[in-house]
Structures are given as structure tokens and as C-alpha cells.
Amino acid sequence: MAPAQKVRPTDAGRLVVRCPDRPGIVAAISGLMAEVGANITDSQQHSSDPSGGTFTLRLEFVLAGLAARREELEGRLRGLAGEWQLTWRLVEASHRPTVAVFVSLTDHVLQELVYRVRAGDLRADIVAVVSNHPDLEPVAAAAGIPFHLVPVTAGTKAEAEARALEIIGDVDLVVLARYMQIVSPEFCARFPERLINIHHSFLPAFVGANPYRAAHDRGVKLIGATAHYVTAELDAGPIIEQEVARVDHRATVEDMRRVGRYVERQVLAQAVTWHVEDRVIVEGPRTIVFA
Amino acid sequence: MAPAQKVRPTDAGRLVVRCPDRPGIVAAISGLMAEVGANITDSQQHSSDPSGGTFTLRLEFVLAGLAARREELEGRLRGLAGEWQLTWRLVEASHRPTVAVFVSLTDHVLQELVYRVRAGDLRADIVAVVSNHPDLEPVAAAAGIPFHLVPVTAGTKAEAEARALEIIGDVDLVVLARYMQIVSPEFCARFPERLINIHHSFLPAFVGANPYRAAHDRGVKLIGATAHYVTAELDAGPIIEQEVARVDHRATVEDMRRVGRYVERQVLAQAVTWHVEDRVIVEGPRTIVFA
Amino acid sequence: MAPAQKVRPTDAGRLVVRCPDRPGIVAAISGLMAEVGANITDSQQHSSDPSGGTFTLRLEFVLAGLAARREELEGRLRGLAGEWQLTWRLVEASHRPTVAVFVSLTDHVLQELVYRVRAGDLRADIVAVVSNHPDLEPVAAAAGIPFHLVPVTAGTKAEAEARALEIIGDVDLVVLARYMQIVSPEFCARFPERLINIHHSFLPAFVGANPYRAAHDRGVKLIGATAHYVTAELDAGPIIEQEVARVDHRATVEDMRRVGRYVERQVLAQAVTWHVEDRVIVEGPRTIVFA
Amino acid sequence: MAPAQKVRPTDAGRLVVRCPDRPGIVAAISGLMAEVGANITDSQQHSSDPSGGTFTLRLEFVLAGLAARREELEGRLRGLAGEWQLTWRLVEASHRPTVAVFVSLTDHVLQELVYRVRAGDLRADIVAVVSNHPDLEPVAAAAGIPFHLVPVTAGTKAEAEARALEIIGDVDLVVLARYMQIVSPEFCARFPERLINIHHSFLPAFVGANPYRAAHDRGVKLIGATAHYVTAELDAGPIIEQEVARVDHRATVEDMRRVGRYVERQVLAQAVTWHVEDRVIVEGPRTIVFA
């Protein structure tokens, strides 16, 4: 949660910096920010390993006239980049990323995303709903979001993905909201660290299809859900968020599905919210989450 | 939790009954209890499938002079057994089961069991601590429990188990409290549904050795622990209880071990408590837990 | 959670029985059910005090042709009523109670109830939305529920309640879903144990107005929500369900409101679901919840 | 959780800095740390209000030869103090604070503290157990901690506190671990922000004596525990940590006490651990916790 800011929304910015860990990096970055007159309102950092690892810093700051001064700030960062081997991401907090949501038959995750956007808790714009089934067209329509039916069969997968790509264009983020199709490695590669899936189990348990059936058969006492970035390997991408709910011996597979819906929607919405606030940084097979 | 009972402890009993599910079974059992004058203070039941499955009933009751009337009660149950294909377990609540605890190097689970017995929360007697390492002898000694060092090497496993069996005799329950040895199928067979292990992961994720390392490498956001009955197949027996704790990107493997200790001790102690109160019934690969 | 039932929905019933606690009551009721041929699929009971308290029993059962045989079942219960001082509630599970929802400005709880009804998780029909503000008319309209604007001022409260009562008629349940008006004792008396409110704190902490402000000022580390039956005394009725969420020092009052919304909707929806499934029994200042 | 450090334990330090919030403060402090060659391994900051509030920064750092260079570091901080109105606390991580624990009759919290010290999870030394009852002498003895019996009656409270103060001397932290006496404002004043109590309710609900009885009578569905700094006003000091556990209608007052013990020990141990790691900063009626 960000602190209350009595500031003009357009003056608020975020900076995420990564570089090899060396003493002095915090002073270098915070000195730069002080020089341009930015007030750092939140700061979180992580060292993968203090001796020789990667240093990651996320700042929230306020800088009067940010948009106009962005180029100057970028220039100064470029000035440091060589010495410190910096990479960075500078974002105006008022920018609203665009999101395409892929669904199939169940609407609970889509409904939750729509609700959170409307409530102002998720600062993004859902610009397209893509589905391989027509069922959720009314849900998209009620939310005023264009709905695109793109059927997929074993033989038409490549074409279908091509069509979906054409529809969503250069969207900032793609969310698979219980989309019951495996996307191709090529599709994944188009959205590196910008493609989020909700898997309805506590990964790495119950990879693949029908995880509630598998959970029931194993007799687990907690069911879970996992939001993760999608990579070419099924259900193996970096995990952003997980949560569980308690079940007991009375729970049928159908009961688990019902209970699980509420976990899934919470986990995915949280992950997407953190992503669009630039709180999630992929580090190899894991994520750093500056919650 | 049992309700408050202003009754003589020796009058309190438990009855667990199982049979094929048929209408009338509750009336038959409760009628029998009414005839002998027992007051049913708690009742929980479960039908694995109302049409053709197994019916399980757990009663807590109060019967004046239970010990003296036990034979009469068993006789009446035998009278129903043929018609209803009943099996049952009748327990005087004042009976304290005996428990043998197997440990290796870490004491947190053993300490918790000892604490709960002393606090009166776990109504059982730990009669032996068996270990393949000498390290925890002082912990057992401080608790006044005999400690038995039974070293195990690859070549001496069978002998070691034989010696352990000799030591623990016909104990009611065996608890593997972070015992870092795989027990043989023969050993398991000696304690059917009476051998409980704590595995330091959220099963079925991270079966086998070093689950915190595996959890760290996978980048999970929750770590877990699982208490289960031990069967011949490693980490695959019926699950009694599971719990998780949140970790973030800062957590090293060592941090996970530290956080996990508190989850493990809670999960195992809960499972053992439920077991000794006859709240856990194995049903194929799963358990019914009348918590 | 009820077990899976391969039964005709109209054959499923629920029976809640209350009487002074005496040995034999379970046998009497289950015997009656066996005689009429009902199969008990779930049973939960509670003794407020085994010696002299109140006994409460909730049964789920299957009886072929339940509607047609209801009168017979009621007759038999009347036959037992004198001897055992029974009161009971017999419900056909296929019956869908009617619900009126009162709101003011925030839609999150109403949205959740609408979602759960549509998803089939809450088996009730919302027949009216009543509000003292026009803002949520579109939400009701989108859900196809009649919306009734009933403004309330200090001087018109009695009239406003009269009008609201006229609108909702003899609805089965009234839910105050963040309705920012205190209802009169007379209104409460019209819906005894059928009027549920969500209070946005962990009661009894922070009774009254602006609980998130009060929680922030006290520096609590968890915020909560409480669903309770409404009685004449403000925020003091029997609690049905409570839940909390973690906050930290960064949370402003506004952040608490935002986080709290997701707790409130979950807690109220759970309480309403339990209520309409006849799982909640009021016992003096407390509730029994057969979850 | 601190990151893994392949550093000499004596080189690890912590710095907590507070000052009025102004742009440039992070640069000033991190610049100072860079100049002396300290590597910042963790950093957390909080602004009570970005425009005109208090800025708080907690750093973990590694500085070769910290003990020898401490004076230099303090000197540089003094150099900044005037310009920025700084106050600070500089701690060598290898320093183990001393703790006095006050108890009465129940041992669960003391046992937990003892366990965590021994396990290495709580880096402090319990140097005295003070009690108004003799019962827990064996627990202290088993842990090798001096036990001091200081009886308290209505008439001898002042003397008793004087004697306790004499015994504990200038200990770093005093912990009231279910000590069933109200300490005087004078005693509190001796340990400002260094006196922690565990209250067995979710404050501010159920202030004062017998909170489980009060919780039971109110019919709450969650019971809680609160660790807080003690101030002159009973149960009103800044809250450090809170947690809850679920109870249901079956729970008697005694059951709540039993369940609550496990919450209390967890909450207090967590609060004490954070305190001794300089993660807790009092800010008026609230705390900042850099967990």
C-alpha cells in the first residue's frame, strides 16, 4: 500500500532499477533523485546476494512536472548506466496500462478484474476480452469491453493465436483468466514477463489439467491457486502469488471448484494489481514482489 | 473441541462406527445408546456416498460406570453387527494412549509434543524417544522420557528397526517427528493407521529429501507442512492435516527452514491430538477428520 | 459443504430441532426419520450444556416425494413435541428464500451477493434493492432486480421505514449491505433473526460510525468485519461470522477501507449463505453455526 | 527476514534514523554510508506524511571492522544531525540485548521465549524471570535462568516493584509474559518503549481482566492476542502485533483459553523478536514495524 499522497497524480512516478550489487548504488540513485528535486515517498530494495548478486531497487517518488522532466531524468540515468551497469524502468504513476483478458467458460476471474478496475483498486484498462467460447460475451458487454470470439481446435491453434495477436496488438499485459487452452511458446515469447496465468492449484502440486480432481483424489486438506508468468514450460513460470483455502473430508470435487473460485479470483487480481504497479520483478525462476 | 462436561471423567466414552450406508443406521445406533442410558454429547457423521458408500459415525457420550458396562455395550454392538455389517471402536475417554516418538537432530516437534502433553492439551503418554543420533538425549531427559539411541546405517537398517520395535513394543502410536530415515514397508505394516509422519512441505509438492531447498528453487510464496499416516509408498499416505506460512523473495532456504519449524510443530501436534481422540478415520487414500 | 447427492433436488430436506437436552432425543428423532424412510445424509448437533441445557440438531435428509409427505412428517414431529418439548423447522432444500438488500453508496457487498446468486453458490432470490441514495440503481438494474429509492432524513425515518416495509413485504430475509442508517427497534422486531448486517470492524471493537478511522487511530495490525443479526441494541446482536485482514503501518484510513471491502463482502456473503441454508441458530447472545 | 550474508557476524550493523521528511534525506544517509564503505544489505523506509511528516529509515549494512569504526560512523551522523534534525540508533547486530521476563502462573509464553532463544530465532539473553508466584521456578531452572519470587499484594505493590527493579537492573527489555499484575505508571516510565505486554484479546476489544470470558459471552467467532508496549493507560499502548484464531459455538471459555495460548505465545514471541532486531519504531499511538 502506498502512503496517502496529497500530490498531483501526474507528479507521481515509479523507478525500478537493477544492477550488479556494489556498495554505493543506493547513494548514487538517491543522489540523482535529490538533484532533480524528486521526493522519494517509498523505497524497497533487494539484494539477491550481497556479494556479487543483483541489486534491485523500487522507488516511488514525487517530482513536480514529471512528464516534462522525464527526458531529463532518463538522461541522468543513462549517465549512470555505464558505471553501474544499470537497467531501469521509469513509469508515470498516472499511466494506465492496457490489458487483454483471455477466458473460456467461467467468469469469476474476469468479473473480479472488471470489478477492481471499476472500484479503482486496479489501475489499468481492460481493452479486450478474447475467448474460444461465446459464453462470456454478455459479461464483457455489460462491462463495455469488446469481446472477441476466437475458436481454437487442435488443427487451428496457430491461426487462432495469430488472430488473437492481431486483435490485442501491442497491449501492455495479457491475462489468462481461466483460459482453457495452452498457449504456444511463440505466443509466450511475444509477451515476456507480461503474460500472467492463474492455475487452480498450489503449484508445483497438480500441474496440468483438472487439478481439483487430483487434489480430491490425493486427499489434501488445503486447496490453492497460483498466479504466475507464463513461460514455454507448462505451469512452470515464475510464481507471483499463491493462496490456499481449507477443505475437509466432506468436500467433493465440485465443492473444491466452488471454494477454489474465490481463491483464484483473489490471487489473480492481486498478482495483476502488483504487476501493473511495477511491484513484480522476475529474477530467474522466481519473482521479487515489493508488496 | 468437546463441550464442557460436568461429568466424571471415567464416565466419558467415544464410539466410532462404520458400515455400508443404509437408511436407519443412525436410529439403530442412537437407539442402542438410549437403551443403555448413555447421553450422546457430540455426534458427527459422514457418508462417503449416500447411495452405496460407507457411513461413518463418531459419538461422544456419557454413561455412568462406563468401565463396568463396557462389556454390555460391546455385546449390544455385536448384536447389531451382523444386520448392519458394522465395525466399531469403543474407547473410554480416560484411557491415555502410549506414544513412541522417533527423532533425529531437530527438537522442535518433540518439544511441542512434550509441551502439549504437559499442558494437558494432548492426552497421551510419550513412553519412548528413539533416535538415530544422540543429540536429543537431553531433551528427552528433561522431559523424563526414556531415550533410546538406535543408530542406522545403510547396512544395518533391518537390525535397527528390529531393535526399535523391541524397544517400543506394542505402543499405541508411533510418531516420526522429523526422523530423517525412511522406514521399511515391514515397519509400516506393524502400525497400520498408527504411524504418523510430518513432512516439511505441502504434499504432494516436494516429495522426498530437502523440500525447503526445492521450494526455494521453485520460488513458491507459501511453504507448508503435512502430517500423514505412513504407508509403504514414500510421502503418499493419507493426509491428516496441512498448513502453510507465507514467505517472500527475501527468504533464503535457511529462513524457510526456520519459519517452517513453527508450521511443522503445529501441524504434527494437531494431527497427533486428533488421532488420539479418535477423530481421524482412514478412508482409502484420504482421511475423515471429525475436528 | 453437503456431500454430493445423486438425488432429485426436490427430495432433499433439512430439519432443525431444538429441545431441552435429555438422553434419547437423537434416537427419537432418527427413529422417526427411519420410520418414514428418510435417509439422513448429514447430521450436526450441539448441546449448550449436557446437563440441563438446550439440544440442537440439524439434519439433511433425502425422502422420496418430500413435498407430498411433508404433512405426514410434520404430524409425526407434532406427535413427539409434547413429550420432548420440541420446536422444529422443516425445510425443502429446493425452496429459495426471498431476500431484500438495503444499500447506500458502496456496491461491493451487493455485487458479491448478486454474483453468488448467479453463480449458484447462494440459493436465494434477491427480490428488492432498497436504498436511501440513487447511486446504486444501475447495479440493481444490471442484475435485473427492482431498485427502490427511499430517502431518509432525521425527520422522515419512521415514514421511510414504513415505506420500505411496504415495498419488501413478507420477505424471508433482510440484509443490510453497508446501509448507512440505523434501523429502528420496531423494524428489527419485524424480522427477528431474519435481519443481517455487516459491520466494518471486528466487533465488539469499534462499534458505531467510522470504524476504519478508529482502527487506524488505535494502530491495530488487523482490520475486520462482522456479520450479525440486528437487534435493538446497536452492533450488539448475535455474531454469525467474522474475518480479518492484515494491515501494516503504511495503511491509511483509505487503504483500510479498500482492503476492508474485500473482507466485508466475504463475511456477509458467507453469513447470508449459512443463514439461507438453515445453518445458523440463535442461542441467546450467540449463534450456533453448523458450517 | 534478513538475506543470507556471507559476512562476519561482527561486521553486520543496523541503523535506524528519524527526522522531519524532506527531499534528499535518503541521499544524505546513503551517501554517508557509501563514504565509509558500508554495503547496505536491506533498507526500509516510511513517511508518516510525505509533506511535513516524520521520515523513518532502517538500514541493515555490512562494514568491515564495525566495532572499531563505530565512533567514526557516529561522528559522521552527528555531522548531519543539525542540518536534518536527525535522531538515530546504531546497533551492532552481534549485540545480544538482555531481557527480563515477568510471569505469574502460566508458562506457555515463557516456554516459547526460552525455546526461541535456544533455537537461535530470538537473538537475546533472558537474564531474569520474575514472578509473583513460585509455580514457574522449575521452568526457569530447567532453562538455566535465575528465578526471582517477588510476591505482590495490594498493600505491597510499590515495594514489590522496587524490589523487581533492583533485581532486573538496567536490562534492555522487560516482557510481561502473562504477568497477572498491573504495573505502575512509574514502572512503565522506567522502560519507555522497552516494556512489552501480551494481552489475551484482540485489542481494543476486551480490555482488562478475563477477556476470554468476555469473548465467550459476546459470541465472537475469532479470538485474538495483542502484543503492545505498555504505557500508563491500561491495555492502550502502541500495538506491535496481533493475531487471531477461529473458534466456533462449541468452544467453552476453557477451550478459548487453550486455543488462545498458542496464539499468545506466537504473537508475543514475534513482537519481542522484532523489537530486539530494531524493527519496531513507536510513532505516537502506533508502531512502524519493518518486518
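The chains carry the letters A, B, C and D, assigned in the order they are written, with residues numbered from 1 in each.
The rule we apply is simple: contacts are C-beta pairs under 8 Å (C-beta built on N, C-alpha and C of every residue); 3 or more make two chains touch, one makes a residue touch a chain.
Since the structure is predicted, the reported quantities are computational estimates derived from the model, not experimental observations.
When you average the Cα atoms of each chain and compare centres, the chain farthest from chain C turns out to be D. Both chain B and chain C derive from one sequence, and where they touch, over half of the residue numbers involved are common to the two copies.
Comparing the chain pairs A-C and A-B, the larger number of C-beta pairs in contact belongs to A-B. Per-chain CA centroids place chain A at a distance of 41 Å from chain B. Here the CA centre of chain A is 37 Å from the CA centre of chain C. Multi-chain contact residues, meaning those touching two or more other chains, occur in chain D at positions 3-4, 42, 46, 248, 250. Listed in rising order, the residues of chain A touching chain B in the complex are 46, 202-206, 217-222, 224, 238-244, 248-250, 283, 285-289, 291. The touching residues of chain D, when paired with chain A in their complex, are 3-7, 21-24, 26-28, 30-31, 33-34, 37-47, 49-51, 62. Remark: chain B residues 1-4, 108, 111, 115, 119, 121, 142, 247-248, 250-252, 254-255, 258-259, 261-262, 266 touch chain D in the complex.
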